[in-house]
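Take this structure, written in structure tokens, and hold onto it; I'll ask about it next.
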Amino acid sequence: MSRTWTLQEVKQHNTSSSCWVVIKDKVYDVTEFLPEHPGGSKIILKYAGRDATAVYEPIHPLDALDKNLPPDKHLGSLDTSTIAALKKERDTRKKTQDELRVEREQRRKPAINRILSLRDMEEVALKVMSHKVMAYYLSAADDEITSNENSRAFSRFFFHPRVLRPISQVDTSTTILGYKSAIPVLASGAGLAQLGHPLGEANITRGCGRTNIIQMVSSHASLSSSEIAATRVSPEQPLFFQLYKHRDNEIAERRVREVVELGYNAIFLTVDAPVSANRERDIRAPFELEDQEREAQAQELGEKQQTAGETSREPGNAETEIEGEVNLLGTAGALVASVDLGMTFKETIPWLRSITKLPIVIKGIQCVADAVLATEAGVDGILLSNHGGRQLEYSLPPLEVLYRIRKERPDVFEKLEVYIDGGIRRGTDVLKALCLGAKAVGLGRAFLYAQSAYGEAGVVQTVRILQREIILGMRLLGVTSVNELVPGLVERMSWQPILARL
Amino acid sequence: MSRTWTLQEVKQHNTSSSCWVVIKDKVYDVTEFLPEHPGGSKIILKYAGRDATAVYEPIHPLDALDKNLPPDKHLGSLDTSTIAALKKERDTRKKTQDELRVEREQRRKPAINRILSLRDMEEVALKVMSHKVMAYYLSAADDEITSNENSRAFSRFFFHPRVLRPISQVDTSTTILGYKSAIPVLASGAGLAQLGHPLGEANITRGCGRTNIIQMVSSHASLSSSEIAATRVSPEQPLFFQLYKHRDNEIAERRVREVVELGYNAIFLTVDAPVSANRERDIRAPFELEDQEREAQAQELGEKQQTAGETSREPGNAETEIEGEVNLLGTAGALVASVDLGMTFKETIPWLRSITKLPIVIKGIQCVADAVLATEAGVDGILLSNHGGRQLEYSLPPLEVLYRIRKERPDVFEKLEVYIDGGIRRGTDVLKALCLGAKAVGLGRAFLYAQSAYGEAGVVQTVRILQREIILGMRLLGVTSVNELVPGLVERMSWQPILARL
Amino acid sequence: MSRTWTLQEVKQHNTSSSCWVVIKDKVYDVTEFLPEHPGGSKIILKYAGRDATAVYEPIHPLDALDKNLPPDKHLGSLDTSTIAALKKERDTRKKTQDELRVEREQRRKPAINRILSLRDMEEVALKVMSHKVMAYYLSAADDEITSNENSRAFSRFFFHPRVLRPISQVDTSTTILGYKSAIPVLASGAGLAQLGHPLGEANITRGCGRTNIIQMVSSHASLSSSEIAATRVSPEQPLFFQLYKHRDNEIAERRVREVVELGYNAIFLTVDAPVSANRERDIRAPFELEDQEREAQAQELGEKQQTAGETSREPGNAETEIEGEVNLLGTAGALVASVDLGMTFKETIPWLRSITKLPIVIKGIQCVADAVLATEAGVDGILLSNHGGRQLEYSLPPLEVLYRIRKERPDVFEKLEVYIDGGIRRGTDVLKALCLGAKAVGLGRAFLYAQSAYGEAGVVQTVRILQREIILGMRLLGVTSVNELVPGLVERMSWQPILARL
Amino acid sequence: MSRTWTLQEVKQHNTSSSCWVVIKDKVYDVTEFLPEHPGGSKIILKYAGRDATAVYEPIHPLDALDKNLPPDKHLGSLDTSTIAALKKERDTRKKTQDELRVEREQRRKPAINRILSLRDMEEVALKVMSHKVMAYYLSAADDEITSNENSRAFSRFFFHPRVLRPISQVDTSTTILGYKSAIPVLASGAGLAQLGHPLGEANITRGCGRTNIIQMVSSHASLSSSEIAATRVSPEQPLFFQLYKHRDNEIAERRVREVVELGYNAIFLTVDAPVSANRERDIRAPFELEDQEREAQAQELGEKQQTAGETSREPGNAETEIEGEVNLLGTAGALVASVDLGMTFKETIPWLRSITKLPIVIKGIQCVADAVLATEAGVDGILLSNHGGRQLEYSLPPLEVLYRIRKERPDVFEKLEVYIDGGIRRGTDVLKALCLGAKAVGLGRAFLYAQSAYGEAGVVQTVRILQREIILGMRLLGVTSVNELVPGLVERMSWQPILARL
């Protein structure tokens, strides 16, 4: 079905009864898909009969169209002259304020060897991203309190360092589910890496391969599981798969079998993000960009007295626009639309066990009681996580959950491997978690930032920084292997230190 | 007694021995009322023989004149030409700085669908109000510490979320005193809504009706109890009545019988605001406006070196003005002037019970001991409230009182329904209160803000935001009905998270 | 010895072997006094042979010269033409930046009825004072931490208010050592009131008399004990005397007998300020004024590139000025120079008891152990005080000491009256102290500020504000007399509320 | 081997196979030293064949070349005309922005008698230093949290001052390891003092001698141990030696015997800094200076639109510079390169004891367990220290370690002398440590700052300030000798006061 179209022809199909859109010069009939679109039909109808590439690309996985539209709705391409015209239009299009800002920041970006800490990396990354991507990566639930507290929790733990112990040889390596890792750090699953860098998750895969740590690949990666598997530095490089279980067991099973086949080495079943959360920073980003542009235009016109939004709006009519184009699901909303809301310890774990012999880890345990249930369900590990503060506001910081398991149910550590993620920025954070019983810690956004700022090199630099900090910390604690990191080396304070940077 | 008057005639009566005022083109003889005016006679005498509409309107309930002045003091209207002259004077009057600011902010007001949270709503509302109304709505006791702490108390409670539980069907509804409510939220009594929007409390009544939550109507509503009852979306829409008991039992009884007759469904006896409190922000507002105007005038005259207040005052003479026009009672002072200061558990509750069979709730319990006394007095419910921090500074935050009842006297929850209000901004706040034992929570100012910013649509949007947040929070906690919200799901921290916005 | 002198004659005596100074047109020979000057001889020698009035006046009690210089060193007056010349010089002298600022602020001072709280009063007072006086009144020990914590301690105590109790009649009065006080508030001893207002302590005496509270008169008052006694509104107005015991028992006894004779009603023996403390804000004030003037001059000369201190100083020579004109004792240093450093419970209290039958109160108890020793010494009361944070930095806040006495040794309250001062700003602060067992609270700086800003009227306004706040607080707590203020009405929180203003 | 060279000749040797450098007009062949350079060979090669004085001087001890290069690599001097040419080049070199700033600040420096507190001193010192030196002195580990917490720990301890005790005679003196000290304060070892002042550690030695306190001399002093010994004010002035044990026992032994010979009186074995830590402020300083200069140049050229780093860099190529000139070891990195990483309580202490009869103190104990091990090892004292927060981030503040020893193992105080350093700024800090059981406290950076700002006079002023504060504090606590400072005089609060300055 590969004929070509002119924009004129496409333009006819601009209603809900016949709705075509152009994406990357291809023409699609999305009429029947309208009611199924997780982000609502309204946003599609806005682009009915038009080129939607610019709004489509940054918020959809690459294979979304193939997965969601039957082949007969792929109507073909635009004709060559239309394509040329569209390209010219794009090339001569005036850049937005935000695009100009990003270009400026890219020029100012420091040399990578000046990146001394993960916070330096984050700072650079957030500057060189578009406002929309920044808002998506950075955003967390509601007022982003849990996101901040995840990190602050570490600052309440101080060390009891031991001196006069031999420390010349330090070994930072450990195993995770039996796989060797150079440092007790995991690249936690985090989706849509191509928003930050054209090579996306491949940067993380190769960076982890080069530094000998393990990547947990998100179901929501911009690249497919097979593309990522193919990008490994060697066939032995382990990969873990972060599963969002589809509500349809058959589809879910297919997904699991696919990654088993591809040689993935463990399944991390995600349980803390069954539904799309309230990430206001992300939802708000489009308004803010609109306002920014409007202000810039107004200034240009010398109409300085007309401030944002003043022009066309009559007082009072704002009240009537109850339904509009605000996408409350945010960038990531569509991604979890098909997640199974009926999962249970009793059924889901045995079901998964029946499909694969791979180690199973539950990702998203948030309290002691569920950690105990996980040991009873017989999984191989649990990842204490509140999804980086992106799901339930006021979920206890994972380090605090770990601390409660250590105090209330230390037997959990003997029955499965415990990991945590959320808020880790420093080698000392890693060491604190290990002292309390964690086998390894996960970092999610840190690797997204690293690859967004410097691609694969950023990922390598991130691991190197952590390794250097971990070695230094172990020496100054008086230990030479991760097994020596014991509860007695840390103490939880009743006070909170003052942090220069949160 | 309906003759007409000229301003010239009125002007003769400008002393305390004969004091007439014009309000909305009507002429009143207030001479005998002077000593009874809760705000003091001085403020009235300032307008003796003049038009007092502008200062009268924003701070008096609509029926205040009818209730307080005998018919023979309603002297009639101004004559037509005087009315026309006054109108012209008003129309050509130069706008104040504050009026100009409000007009500017009204034009900038965002579309309502961009209001994502109750704090967004509050922010818009506070901007589009006059300074005086803002000061009245926002003001709280003394340094407004309790008002802030009410809200901060919630931030000390974190969740222990449960995972791997079926959450596809979530029911947020509950009953309050047997009446169905779509979410466990009550529109708490809050007076003078017309200060913020011309339709006043009717916005709340209709908004609640449309979203199926219950409104508690204030004794100090700008509209009368019957007007509000008449505005319901259906005759079945429940309404609760917030009673400020008059010191004269007969008047009080009349008031109760009136609302019973009108079909109100419960009586909330207010006990935390027997006297007018110290709300400095409110008291200060008139000075601030004066200073603002003076500064604007000075600037206009190019007299920039003459700063506010410098012009006419000799050093030292400030000391002599001990008595002046400062109204320490503030906007709301007059409203509570007749409240019964002799109420007791032993006498007042049985008295009320003897008048009506409606459920009785005590609004304003602030400690465990009084919660226990309330169970002994046999009321149907208690509303833990410190009047939004507007009465006694350093009254314990209601959530802390709730927490103490849960720990010290959990039997209270079995004997009556417990509600709390004060400081609630988020769905997670509602869920925390319910986990600790509350049957529902009240929001007062939130609805005043909502209707001030967007009228009825604002009220609807507020309920929708809360409902969306509650559904999301329940799912992420692993619960599907409000009955499953139990103490084990929350934990009180010894630390205080950092809040971006208080 | 009353001849007259010319400046020319005085000028000859400008060395340490013959050192004359002029103060208020009188000539003094201070040669022999030089080594005894508590502030050091250097500062005097700087003015040898010159008019020292401007630097002398603001930091010395009025009768200092008479007390310290024998009559034969009072050499007489300047001659008339010299006096006239000096006066002309003063009158035509250019005003300093700080004097201009004070004049500006005096013109801007709000009418007194706009002073709604003690903090409002403080704010105005600090603005209308000279920088030097502000620094002296406001300054506290070291980094002023204790001074702040005194006040912050109150904010950790919240109320358990009781409702449904009869509150129409409220009595705020109490007795202090048997003397009636309209509210449980004492004007605590605070010296040098004339620095803030020409009438000095008389403002406080008359203000207290008019509002029926009791003044404790400082040994360091600008007015003499007899002047203050004479200024009472009636002979029955009680006055307490704050004694700094002189190291010479005879002098000390004379002092006590003098005030007994004058009709004072109690002796408050000061024990928390035996030596001059480190009040850096006060010590620094002269430098800051110097720098301010130098900068102003430089700007005037258009020499904007020459910043403060740059002109005349060679790099490095700063190191040599180890000894200079810095007065480490500060404004108040001289005042305590003769205090007895050998006082003990065992000897001093019986000695004092042997001289007078007046009630004895120890002012400056700072821990539970000393409170107990005071009961054993048989005094009539103790004032828990750390001298407003002006003496030992990190002395426990008085409210915390009171709280510890309540918890550890409640028997103390049965044996003597306990008062506290330090950090009290609100009626609720007073009520908290009374709930914990205090009989009354003292306010020191609050009254200095009040009289500095508005003279006697300021003192009256301060008492009225407190009384209004106390009445309101008692009603909202459900109590009608100070006896009903019991420990159960307050609770100490483990958290600290956020304070808008410290 | 003393011939002379021209720059032309030196320039030939600019590769790793023949690498010469010029330092202070002397020529050195460092080819064979390249692989041994603790800071890496890269930084040296950057100056191969060139004058490296400017980068060499501020970060190397004076005798580094003699110690590290065999005599035959000292090739001789530059010839006279080359020296003259280089000098001219230096003299006419344009000053950097930072040099200009330092000159400006030196002119503004206040007279030393205006320095009232240690914080005043620090403030001045940090201003008059070059940015690089400031960064080195001030820098601490990671985010400098422990450095701040060391100081904040003191603020949680409040006093229970005692009154009515005789306090006229106060003796602040004590003994440390049997040596008399005027106040219980030690000048703790701190290296590279010449970075701050040309006379370096000699300022501290003489200042301590003049005020009768004891200096602990760092292994990393800019002056040699013998130079410092020679600078004492009398042969009796005690000196302690801070030993960084060399990994080669023979070299280490030689070092100890050397200082024993020179008359040093005790050995402080450093155990908290075996490796170079992560001091980002220090590492970052060179970049910041570069950026500052680039910006200044750009501005000068009127190229204001070209911001720092924009000019020459293409977007993306930043990623490739993984290895560059960033010196992660920082200024002090080279200093600890040879420290023994195999030290143990069991072997190292007996080894040291076998070499010398001097008292042995372990410097850097950071937990109770190691304090106990130290008593078992039989040393004479321990210095609780986390190296001023410069080594392990989140090491417990020394005062908290002291507090835990007091609570858990008070027997430690009977077996050896306990000192602490880190975060001490005030006399009250000293008193708190002594109340908890410390025999004396150490100050490190405070003395570096003092001598940097005012040389020897600064050191004297620092001791005088502390002594004045200690006397005052003792009097106000009611004690007259250090023995009376007991645990009951302090209490640890659960709250944290607000500090104006950290």
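Annotations for the structure displayed:
By written order: A, B, C and D. Residues from 1 in each chain.
Note that in this section a residue touches a chain if its C-beta (ideal position, glycine included) is under 8 Å from a C-beta of that chain, and two chains touch if they have at least 3 such contacts.
Bear in mind the structure is a predicted one, so any value in this text is a computation, not a measurement.
Contact with subunit B and subunit C alike is made by no chain in this entry. Between subunit A and subunit D, two chains of identical sequence, the interface residue sets overlap only in part, with shared numbers making up under half of the total. Subunit D has its Cα centroid 61 Å from the Cα centroid of subunit B. Distance from the subunit A centre to the subunit B centre is 43 Å, each centre being the mean of its Cα atoms. Within subunit C, contacts with two or more other chains are made by residues 494. Taken in their complex, subunit D has these residues touching subunit A: 142-145, 148-149, 152, 156, 271-272, 274-275, 277-278, 280, 283-284, 287, 307-310, 313, 315-316, 318-326, 328, 341-345, 348, 362, 364-370, 373, 386, 391-396, 400, 494, 496, 502.
Per the touch definition, subunit C reaches subunit B in the complex via residues 103-104, 106-114, 116-117, 155, 157-168, 426, 428, 432, 454-455, 457-458, 460-461, 468-469, 472-473, 475-477, 488, 491, 494-495, 497-501.
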